[in-house]
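First chain A sits with chain B, and in the next complex the same chain sits with chain C.
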Partner chain A sequence: MAQALTEAAILAPRLERPAQARRTHSAISTSLAFWLLAPSFFLLFLFTYVPILEALTQAVSLEGFGGKPIGYGLGNFQRLFADASFWKALWNNLVYGLGTVAPSIILAVVLGVALQEATRLNALLRTMIVFPVVLPLVAVATLFAFVLMPGVGLLDHHLAKLGIAATNWLGSPDTALYAIIGLSIWKNAGYYMLFVLAGLQAIAPELHEAAKLDGAGPVSRFFRITLPLLKPTLAFILVIAIINVVTQIDHVIVLTGGGPSDSTNIILNYIFQAAHQQGDSGRAAAATVISVAALLSLSVASLRTLERGMHYES
Partner chain B sequence: MKTRRARFPAPRRTLRLLAVALLCGFALIWSTPLLWMLVASVRDIPFGSTDAASLMPDFKPTNAHFADAFAQGDFVRWYVNTLLVTLGILMVQLVTITLAGYAFARMEFRGKNLLFYLFLLQLTLAPPILIVPNTLMIVRLGLYDSLPGIMAPYFASAFGVFLMRQTFKTIPRDFEEAAILDGASFAQMIRLVLVPLARPGLIAFSIVSLTSHWNEFLWPLMVTDSPDKMVLTVGLTSFVRSAEQAADWGLVAAATLLVAGPLLVAFALFQRQFVNSFLFTGIK
Partner chain C sequence: MRLVRSMALAGALLTMAATTAVAATRIDFFFPVPVDGALAKEMQNLVARFNQENPDIEVTAAYTGTYDETDIKTRAAIKAGKPPAVALMSANFITQYHIDDLVDPFDPLVRAEGKTPEDFMGEFWPALSGNARVDGKIYGVPFQNSTPLLYYNAEAFTEAGLDPDKPPTTWEEWVEDAKKLTRHEGDKTTRYGIMLPGTYDILGWTISALTLSNGGQYYNPDWGGEIYYDTPSTVGALTFVDDLVHKFKVMPEGTIQTPAMNNAFFGGQVAMIVSSTGSLSFIRQNMKTPFKVAFIPRNVRNAVPIGGASLIIPKGNSQERKQAAWKLIKWLTSPQISGGWSRFTGYFAPVKAAYELPEMKEFLDKNPDAKVALEQLAFAKPWFATYNTVAVRKALEDEVQAMLSGKKTPTEAAKSAQANANALLKPYVDATALNLPK
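Our next item is the complex of A and B:
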């Protein structure tokens, strides 16, 4: 047996040895990899996987008086779907999403293209536009509490000079959501512009030179060259923007709490209220499950986009 | 200059000037909320004044609003708590993401792809969306109303792991092999060879991590209760509520500046690093 092995080793050293080495190497590396991944995995297990499963079981558990579980069923979902506030929150989130995402991305592209040349003035203007990005969302909210103050606030004070009467921006159900939308655009457009600028840098200047020689004007060059080549960048921005629209609610909590009459209530705020203020964890869990499902499908659908964006080295 | 003038015909030049003027105007209007914050925080605004929105500094700066803020709010404690939370999260993250990032970048093991996708899940599932079950978990672990309770869900970071995986992949294997041949242990090789080489990735991640946790509000609000566990953002909202009711706008501006100021200054000083790390990581 031993002899046979040695013989084999002598006869086919080149074939046998590397394979053997690879096998032991991979055994070591599997146990090492296990220990390297264990801390992260354990933490993700505690604070991501278990909570997802917990939200799921809580969503399908039925509770009697005093929070005692009395069985399983879809009662929480039925109550959720029967709640007009939930549909209102879903609709608001859609309006808020469209109203925020489209203008901020368009603004980001326009500003990115306008400020792409590396001059000193452009650097200054870019900085001014990016500043709101590093501000805490709650600080933006406290600032906008004054900006939007009827009559004396920054907006009305200066609109009055143009002869426009005072508006109760946050106090009226007709304007409150748009005020929140405006705040979000202000906070996020600069962030998206940074990606546009990086994307523009990756476009070879020769393409524009060649098109110029062919007589293409700035407008047609923008639509025929810049925009198509920015597509991956824009897809990436779109994914982040959608995530932001679902997960950022600090400003809503601080400024309106979802009011007046539910006009600024968006899904996460609905969940927060159901869990925190109304103590209805079953309904909150059901709404959480739906949001998690939506975000997971988004992340599965956009895996490629996200991974590509992960290393946008500039 | 001369050549440029020669290149652009006159109407083109006016068009260009017009665009520049438009952009400057836009950037200025964009900045008014921040300008107002700076001006109002040091401006003496008499009670009941209708002029609180003025952007004109009156060149008699007062530090009364800041003094009021420190006297009425527990800003020192909020700063300490925020620093403990942000730095505490970062320290643990740097260890977990370096180890896991290395495993995904360099090692072959069974179930690698499956595990990779399991990690990816967390990318879009920002903890706010899981506030309800995560709060339960924190209560169960006995961490409710404590600073570690605020930090714990962020100790592992899928973003960080991917970032480090990407970073390690750009480093040639030769360095590690040379270190091992020279008799370095695995831990030494990571600490003395790979971590220094991966510094750009680690710095990029650190900036994003510090910024986003400094700014975090909903989660600390959910898992803390007592005033001495408040971080800056939570403290600010409770503080500002009463200042707003008193229409003390100078105080609101000063308090907001106290919370946002450190990041604004850091951004102004290290703009390039900030921008690079935002781009590098994509998602805050």
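Our next item is the complex of A and C:
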């Protein structure tokens, strides 16, 4: 739900552009448009806006013992901020975000540029790289449970050949989060590469030819032409990546449940625990409001920053 | 047009015919399956059989995921005003359902049959009544139950010069055997003596088993506001586990994921594991080398907690639906059905009479490991259940995981677990034991 909302907010300003060009709508087609949009608006209202309002009211509703309502206020937020587990989850989410977003986007750009030419080999390699995208995250997590198994797993099996002893990747608070980060990069880089490939198609080959004639090498062509023109694509990927950091937790639930010792507990899992394991819906709602607000402002901010000085090709 | 009209008419007639022919009470039954998919299918088969034998009742069995998910879905359904008539609920969640006033007691239904609640509970193994009866009333009818067991690799025992027919019975012997069973190759350990599961839920259960074996009580069985983490019995159990890892080095460091533990057992990388009797069928199917099971070794006494699930009737059901639910529950817990389910799953049958049946006697003769599980039942105690059980359990588990990774000592772990658990229990304590005349 949070994802749909942020995406809508991001896409809205873009959709306006072509609409402004055709302003001579008749009243009939406007009302037709309204009726055509009505069903989706109704569903959006029912399953997105109403839950948002409910989360907001729940966040400020205070409950006594046994769920008896006792009034309204900011008590849930106070309890949330006083909870060490919340700050731990926030910190974990930050580390997880920094650890997954930048590496997977860099990897996506490198792979996209490397496999840009439509040769047969490249098509095969692209398919292989995109493969993790089509697997459900739950299945990937189950797969990685075996890859990461201490001593006998695929990873330790190969590390043993390099003389590295068995590591309890998911079982140690020092490594568990990084194991989860590795999985996320593996899962998402291929997806982001698809956008990079699409973005690269939009760059006119004449620009590269002209630069080549002027004697520019591949490295300077990448930094002077490819990268600046990929900026709109990268802005989009960045937003998607940030949303993924907050909304994907299937792998955490399957592999660690947030443990050991809360070391892989990220915000969404924290919310789940507060709501369903501790029956504390007020604190869960407060955490939801905070995380959706943070997600929205982060997405909008990153889009704004990157849109500044963007080179759109008409 | 005429076609449409006649079809509508036919449809209406059919519906009327259907409703008059079978004026059945329709009820929902939520059930989880913690182990594997074959169980869900078998449960659907059972319910289909019940429906056939009882044309006046139509039960819809809904598979609702794990124990935790079933709890969430049942609560959501109650909140939405559409409670299932029957739910199979993790036995240690029932206390919380009672505190939240979400379950109906079975006592009136039992009395209507001319039985006293004591007679009724007397049909089940005594260890089960602690979780089924809360505040003197029956809120759950035991359906599938388990205890933790020691599983050991018989071949590894022989290889290490130990007798596979003499498993360790005390912690002393357990450590001695584990030392002999642990094998090194250079600085690499190729086989560990012991592994204990370290993931949430089963970790708390395992620690409580060791605490009970150490003479402890672990929680206050009569009132849900107290848990005993920072006590000699629990600290002793935690120290024992920490020593297995850091002093005797017979168990790997860090949290051991349950699938990793099972895999290591199947592959011979560990000689002894602690797991539920509910895993018996699963391990029997996957273990290639001979294995045996034994009681959990003791330090002070033989004692283990029960696990498993009971059938409950959530609040908000009509009298008619309650009667139908009661009929289903009685059928599911009858010796015949209960025994069949036990043989199929590996859980033990909660009804004592199930073991009087000839097919059950034959089964136990063929499967001596199932017999060991049954014998340990004589030493079983209730499963810890407090206000906010899952969070209170996790308060200890997080600290034990830190201890297993060498980040905390057992004493530190017990202290902070107790402090965190007390904070979680506070609302209930304030509303009950500390709610004093003003």
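As a convention for this text, the second predicted complex is superposed on the first by the 262 of 314 C-alpha atoms of A that agree within 3 Å, B and C clash if a C-alpha of one lies under 4 Å from a C-alpha of the other, contacts with A are read in each partner's own complex, and residues count from 1 in each chain.
Just so we're on the same page, contacts are C-beta pairs under 8 Å (C-beta built on N, C-alpha and C of every residue); 3 or more make two chains touch, one makes a residue touch a chain.
These figures come from a predicted structure and were not determined experimentally.
**Student:** Would you sort A:Q277 into first (chain B), second (chain C), both or neither based on which partner it touches?
**Tutor:** second
**Student:** So in the superposed three-chain picture, is A:S40 touching just chain B, just chain C, both, or none of them (first/second/both/neither)?
**Tutor:** first
**Student:** Between chain B (first) and chain C (second), which, if any, makes contact with A:A145: first, second, both or neither?
**Tutor:** Both partners, chain B and chain C.
**Student:** Does the superposition put A:M128 against chain B (first), chain C (second), both, or neither?
**Tutor:** First partner only, chain B.
**Student:** Once the structures are superposed on A, label A:S172 by its partner contacts, choosing first (chain B), second (chain C), both or neither.
**Tutor:** Touch partner of A:S172: chain C, not chain B.
**Student:** So in the superposed three-chain picture, is A:S261 touching just chain B, just chain C, both, or none of them (first/second/both/neither)?
**Tutor:** second
**Student:** With both complexes superposed on chain A, which partner does A:L90 reach: first (chain B), second (chain C), both or neither?
**Tutor:** After superposition on chain A, A:L90 lies in contact with neither partner.
**Student:** Between chain B and chain C, which one contacts more residues of chain A in the superposed model?
**Tutor:** The partner making contact with more of chain A's residues is B.
**Student:** May I ask you to decide whether A:L207 touches chain B, chain C, both, or neither, giving the answer as first, second, both or neither?
**Tutor:** Neither partner.
**Student:** Residue by residue on chain A, keep only those touching chain B in one complex and chain C in the other, then list them.
**Tutor:** Shared contact residues on chain A (touching chain B in one complex, chain C in the other): 145-146, 151-152, 276.
**Student:** Could you list, by residue number, the parts of chain A that touch chain B in their complex?
**Tutor:** So the residues of chain A touching chain B come out as 26, 29-30, 32-34, 36-37, 39-44, 46-52, 54-55, 58, 114-115, 121, 124-125, 127-147, 151-154, 156-158, 186, 191, 194-195, 198, 236, 240, 243, 246-250, 253-254, 268, 271-272, 275-276, 281, 284-285, 288, 291-292, 295-296, 298-299, 303, 306-307, 309-314.
**Student:** List the residues on chain B that touch chain A in their complex, please.
**Tutor:** 19-20, 23-24, 27-28, 30-34, 36-37, 50, 52-54, 95-97, 99-100, 102-104, 107-110, 112, 115, 118-137, 141, 152-153, 155-159, 161-163, 166, 186, 211, 214-215, 217-218, 221-222, 232-233, 236-237, 240, 244, 249, 252-253, 255-256, 259-260, 263-264, 266-268, 271, 274-276, 278-284
**Student:** Can you check the complex and tell me which residues of chain C touch chain A?
**Tutor:** Going through chain C, the ones touching chain A are 68, 71-72, 96, 99-101, 187-188, 198-200, 252-257, 259-260, 263-264, 267, 269, 388, 390-391, 394, 397-399, 401-402, 404-405, 407, 424, 427-428, 430-431.
**Student:** So in the complex, which bits of chain A are touching chain C?
**Tutor:** Listed in rising order, the residues of chain A that touch chain C are 65-67, 145-146, 149-152, 165-166, 168, 170-174, 255-262, 273, 276-279.
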